[in-house]
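So that we are looking at the same thing, I have put the structure below in structure tokens.
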Amino acid sequence: MRRILSRENLVEQMKRVEAALARALEEAGIAPRGTAESVQAALATVSAEEVYETEKRETGHDVAALVFLAARRGDEKARQWIHYGATSNDIVDTAWALVLRDALALLKDRLRGVISKLSALASETRDVVMAGRTHGQHAVPVTLGFKLANYVYELARSYERLCGVEKRLVRAKIGGATGTMAAWGGRGLEVRHAAASILGLEPHPITTQVAPRDGHAELSAALAILASQLDRLAVEVRELSRPEIGELWEDRGGAVGSSAMPQKANPVTAERVSGLARAARSLVTGFLENIVLWHERDLSNSSFERFAMPHLLLILDQMLLDTHALLERLRYSKERMTRNLELTGHTVLTEALMNMLIERGLGREEAYRLAREAARKALSEGKMLHEAAGEVPGIRSLLDPRELQRLKPENYLGNARELVDEALAYADKALNQC
Amino acid sequence: MRRILSRENLVEQMKRVEAALARALEEAGIAPRGTAESVQAALATVSAEEVYETEKRETGHDVAALVFLAARRGDEKARQWIHYGATSNDIVDTAWALVLRDALALLKDRLRGVISKLSALASETRDVVMAGRTHGQHAVPVTLGFKLANYVYELARSYERLCGVEKRLVRAKIGGATGTMAAWGGRGLEVRHAAASILGLEPHPITTQVAPRDGHAELSAALAILASQLDRLAVEVRELSRPEIGELWEDRGGAVGSSAMPQKANPVTAERVSGLARAARSLVTGFLENIVLWHERDLSNSSFERFAMPHLLLILDQMLLDTHALLERLRYSKERMTRNLELTGHTVLTEALMNMLIERGLGREEAYRLAREAARKALSEGKMLHEAAGEVPGIRSLLDPRELQRLKPENYLGNARELVDEALAYADKALNQC
Amino acid sequence: MRRILSRENLVEQMKRVEAALARALEEAGIAPRGTAESVQAALATVSAEEVYETEKRETGHDVAALVFLAARRGDEKARQWIHYGATSNDIVDTAWALVLRDALALLKDRLRGVISKLSALASETRDVVMAGRTHGQHAVPVTLGFKLANYVYELARSYERLCGVEKRLVRAKIGGATGTMAAWGGRGLEVRHAAASILGLEPHPITTQVAPRDGHAELSAALAILASQLDRLAVEVRELSRPEIGELWEDRGGAVGSSAMPQKANPVTAERVSGLARAARSLVTGFLENIVLWHERDLSNSSFERFAMPHLLLILDQMLLDTHALLERLRYSKERMTRNLELTGHTVLTEALMNMLIERGLGREEAYRLAREAARKALSEGKMLHEAAGEVPGIRSLLDPRELQRLKPENYLGNARELVDEALAYADKALNQC
Amino acid sequence: MRRILSRENLVEQMKRVEAALARALEEAGIAPRGTAESVQAALATVSAEEVYETEKRETGHDVAALVFLAARRGDEKARQWIHYGATSNDIVDTAWALVLRDALALLKDRLRGVISKLSALASETRDVVMAGRTHGQHAVPVTLGFKLANYVYELARSYERLCGVEKRLVRAKIGGATGTMAAWGGRGLEVRHAAASILGLEPHPITTQVAPRDGHAELSAALAILASQLDRLAVEVRELSRPEIGELWEDRGGAVGSSAMPQKANPVTAERVSGLARAARSLVTGFLENIVLWHERDLSNSSFERFAMPHLLLILDQMLLDTHALLERLRYSKERMTRNLELTGHTVLTEALMNMLIERGLGREEAYRLAREAARKALSEGKMLHEAAGEVPGIRSLLDPRELQRLKPENYLGNARELVDEALAYADKALNQC
């Protein structure tokens, strides 16, 4: 990702765009035969380093520097036709489209890797029973696989979003100064079509001087959402690795704890993911404001984008790498899961008990009352729910001990297995979408 | 929109969901025949007002209040099977999916209206020449139609985004307490399928206790982007209605000016649009944070959503209504446009002049130098560019006065007309997407 | 707070400002004697309801409506001099300064109440030993009182910030149309001084047409910070009330659990606080954007402020009330605290052990190595640290069992008691600051 | 600023803190005489480069690396007592307090420079009459000096805020692992007092493992507010340098325009300021979220702060430098100001006319009606207001032509001159506050 976002690569992509434009001008019959070759040769002589030096020393602008250097070194044709009829943003926005295409390809690849790792884990742990938790409290049993499959589904939705973003954001902007293609004497549409085809991009059907910034904002939002989902997964791990819970943790081998407290195995990878998510969420605001450019454009988008776009992409790259590493090192303890379920006396099965009573013909309210009584008894007397239930007269008369014995977490998982399959199937489909 | 978002309507939708669930339980063979009818009858007796009163007085929860009231008034079957195996969020999230479906339909409708009005205006004014402006400065000529067609394209992209959001957000959440469907004894998938079909919704393939919140965040981002685009259009009008520019303005008839300055016709509608956009942008942050729920859910999303979701939808509704009204009342002055172009001595044609020189065989740098000299001359001596150019020796020797006379804004519009068509065609296609 | 922010009260405050202005005009010798009385009488006839009706029906503006109605009903003097030389924002911004003064007084009062309740709890529990937690892991012992005293300090800092905000925000804006006081014929400074004095406000020393919006942004930031601190406290409670931890919880008496899981005692108050904090954080962005008004003002701040300011104040009011209620109902379990410390084998004392070894002359690294070995032994063999340490040769040779027995959490609290005092003293001082 | 924020300087400051701590331990009688000297000598051998290398290779933590290297190279005393009883955040947070003290000093210095430059300009141009603008429309006359003095006042308020931030943020955090000072055997308060004194800092009276993050959030908010104020000034310049207005502009000498439009003198400095303000506004959100750390701390603040804090400070540094440069190069045209006032026929004096009529005894409504009629006449017939007014019978009967001649912008400036003085005096006082 650093390479894709490097200044060197940006100049490379700008050269590609200038070359494609020259070829397009030749194909459209605006520039004479041989122009494309001449321009390409001239561009080949210019290094990124020279561009940035010239920008600093003379032109104050990278595209101007590139054109200036290439023109000076090229033959007459190059000198005459390079950048003909174009505005800087034809080059910059289109070069960035190429950069973003590569960056998105990488992010999608990494996301695919995370989803695939999560899917494998979810399959593997589909029968590992644990407490489902709402409000931080024990609710109804789930399996670890079911829990993870929810993340599979959620992340697959992010993948879909990236496909949508790509369609709108990764487009050539070729239209000249204020987007009217005025300099190409009525053959602008051909120039645009040819140049975009060479680069393998769809063009924007219309633009001002710049590509519309809603696409950038959409990208930032899609990435901030993805970041928040990874944050949610990181919080899951951070919470469940508390010493009092101990169900999940990151196995960091012999990593050094803090200087004062060597015994600790802090969930640092997950904490970094949570922290970086804040950065991703923060940056959305600026991208939204950037949409509101004046008329055919102003430059106020530029300083923010130069700062925020590379950072945002690097942050997501890091987060996906971290999450992948975290999943590789994720360990779980069936024993702690079992013990924690016992801690609340299997009262996660109170709903199950209530429904057993309803099936025996009790009304909803009465069933609720009795099940609740059993749950309270279990909690206050430190018994398992099935024992406590057996001591509640209204229940005992309807359900015999053998039936009550069925009140086990592993018997109350509903369609958790099939739902894991559904989540994985959904993800499979989503990942093939783009 | 107020009606769709009213508390009364929310209860109506919750009743629809409870009824659909009852029917689904009957279809799946969990509840006996006649259950759906009984439940429906029981629900019909309950009013929204009663629900909110009972919530306040007894249950502290709207779904609990609804179920409580319906169960008390229903027959035995209703009492026994209403809400069977469901958790409150099966009802709330699915009812909200129905509300959001209607709210999105309304917003899409209004957006369609704005795009259509803009398209008509763009067609009508495709030949109205004006200064293209970058950095607030005159750049290269455009037409009013071309300017507006850019907004058509940009807003059409927002329409596409709303389609994507809808696919992910407007889904039934039916899965019981922690999403495992445990209470439905293995027939949960059938229950979900039946209930969702009755409501005309796709279900989420898997959920925790609640529908995943990335969909809500995506909606907020899509609406904040749309709001920022409308803000951009509003700023366009606000700027161009400055007395020094006077090219566009909102014709508010005999509206009263400010108390101290009765002469003023302030662009208040456009200013309100700009202001509301800030509200829309602001709310995204909270929706992003809401994604990070603990485990199978916590309740921290609730207080923010109750505040922010209705406001966000109302804000966008108002912004689209305002923008439509603004477009209805939008007036333009060809005369001011012409005069403003003259103000900068037609130097918006400097690029045109430069390209004429390049076509005559001058190298890029020399052509640039000469064109710039002419432009400076025009600006400093208060002449039109073609006059000034005629006084620059290096130009005069290559271009005769008749050729220079062609340096008129209306002759330098490139493919502006066709680009308007392309933008409108793009929008047409986008609006048929969902 | 609802009363303070009501539309009725806003009109009341606007009437106060108009009355003060009239008196000031009279005092400055601009309006004739008796003006103030006439204007006051005229204002007294107008009700808030009438103002809003007239705004809707005729003027489109609340101040205009008020002036219109009062002028119509007043005597000749009132008709002539009411609102003389003022612009709407003289009235609106100054009336809002009065509203904000009251709203801030209420918030400060509630915050004072929360700090005071927390201080009492901190004093009471200064010797209740529990695990200090970093990264969710056990670190070094603290006391509950010490933990809470940190919140006392942090919240006291918020109180200080509110004092700073008040100084800059609660000021009269009296300057006429663009702030030059042009209509008051050179006696504007006297008018401003007199009117502000009557209202008990400092005036802004200079303004455009409106009071500068940095004050509003500062308020929103100060409140978002306060909200985030309350969120931090809420998260503390939510985490420590997990069934596996059980150290703190909100005692909600016989509150009904969720419909499906009656056994649960969800930390709903704390969760609501966390949720509302997101709303407070979200709104800052819009207030920041509002600073960037054009020239002497534009109206784009208005629609956002009308929506966001009352909501923000109500949100904080609710959060402070909720936090106070939460603190009233907060319970703690010494037994669980003790048990949780044992769970990690008193390894929270590893640092203590290391320092004992350093005091015996070991180098830092060697001491660290030995202490760590003991901690690992304790954790892996399920012993208390002092037992495990006694089995590590390098330690046993330096520290005898009796010395090791001193490795108890209650013996390793450093200056926790005095620090509680310092925090409370700091808060005392801060609360007397304004 | 880059130097202050460099990694090298951070290590320097960490060394200062470790040295101060060693001296404090010696002073408190915990460490033997000579410890401070030994530790200082050991620290002196370690370079920043080595620290970062060791962090990467071995410790994964910069403080650990520093301590490790110094201990290895120091004598026995250094080995034993360096970092004794401290936790990494004692060093990191306190070193950052020193960095932030310097960074704030620099920012305050630059802000002082901007305010001082603005004050000089405001004094110089206090009599340069121009249109006051509200809603982008001409409102009532102001002077350029008056306009600028508003910025002086607004920026002075930011200076005050920075003073408040400094008091809360620039504090030593010295308290050991979870803030209880447990390792210092009851002499923690003395250690803290001594170490903080040596560094010239106030200590936090209590902390968890880390300094409370509300201070960081407050800094980010104060800087985002300042950034938005600079943005407002930048927008002022960008707007008034439109070719149709031409009242203010940045004189960039012979700077190259855009490649396609050489005639243009784009307000690029001001646009960069506007763009960077978006970055500053964006980052606040993350700092607010960072407040919500778990218990005695988690690490999730770290990755965001490392990214955002240096960027935020650099952004503000750049913005202040840019604004200063912009002010140096700011030019204004009295002629355009005069012409623009004439463009709206001096209707900026409509209020003046109305008040003249009220002074002659007309009621407010009648005066308003007549003044408005004159203004409409002026605008529609292209006359100056005093001419048009002379043709309105109701006015002519009350005001003779000579009186109407007084309707000149320069005669309707109220107390603009004195208000400039008040703003400058306020700023003077604020700048001496810290």
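In this document, chain identifiers A, B, C and D correspond to the written order of the chains, with residue numbering beginning at 1 in each.
The definition used in the following text is that contacts are C-beta pairs under 8 Å (C-beta built on N, C-alpha and C of every residue); 3 or more make two chains touch, one makes a residue touch a chain.
This one's a predicted model, so the numbers in the text were calculated from it and none came from an experiment.
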{"item": "Partner chains shared by subunit A and subunit B (touch criterion as defined above)", "value": "C, D"}
{"item": "Pair with more cross-chain C-beta pairs in contact, given A-C and C-D", "value": "C-D"}
{"item": "Distance between the centres, which are taken as Cα means, of subunit C and subunit A, whole angstrom", "value": "34"}
{"item": "Length of the line joining the C-alpha centres of subunit C and subunit D, rounded to whole Å", "value": "23"}
{"item": "Junction residues of subunit B - those touching two or more other chains", "value": "67, 83, 134-136, 139-140, 176-177, 183, 238-239, 258-261, 266, 268, 271, 281, 284-285, 289, 298-299, 351"}
{"item": "Subunit D-facing residues of subunit C, complex", "value": "67, 71, 76, 79-85, 132-136, 139-142, 146-147, 149-150, 153-154, 157-158, 160-161, 164, 168, 175-186, 188-189, 204-209, 212, 214-215, 217-218, 221-222, 224-225, 228-229, 231-232, 235-236, 239, 277, 281, 284-285, 288-289, 291-299, 351-352, 355, 358, 361-365, 412-416, 418-420, 422-423, 425-426"}
{"item": "Touching residues on subunit C, where the partner in the complex is subunit B", "value": "59-61, 63-64, 67, 83, 86-88, 176-177, 183, 238, 255-256, 258-261, 266, 268, 271-272, 274-276, 278-279, 281-286, 289-290, 298-304, 307-308, 311, 315"}
{"item": "Contact footprint of subunit C on subunit A as seen in their complex", "value": "134-140, 238-239, 241-245, 257-268, 271, 285, 289, 340, 343-344, 347-348, 350-351, 354, 368, 371-372, 375-376, 379"}
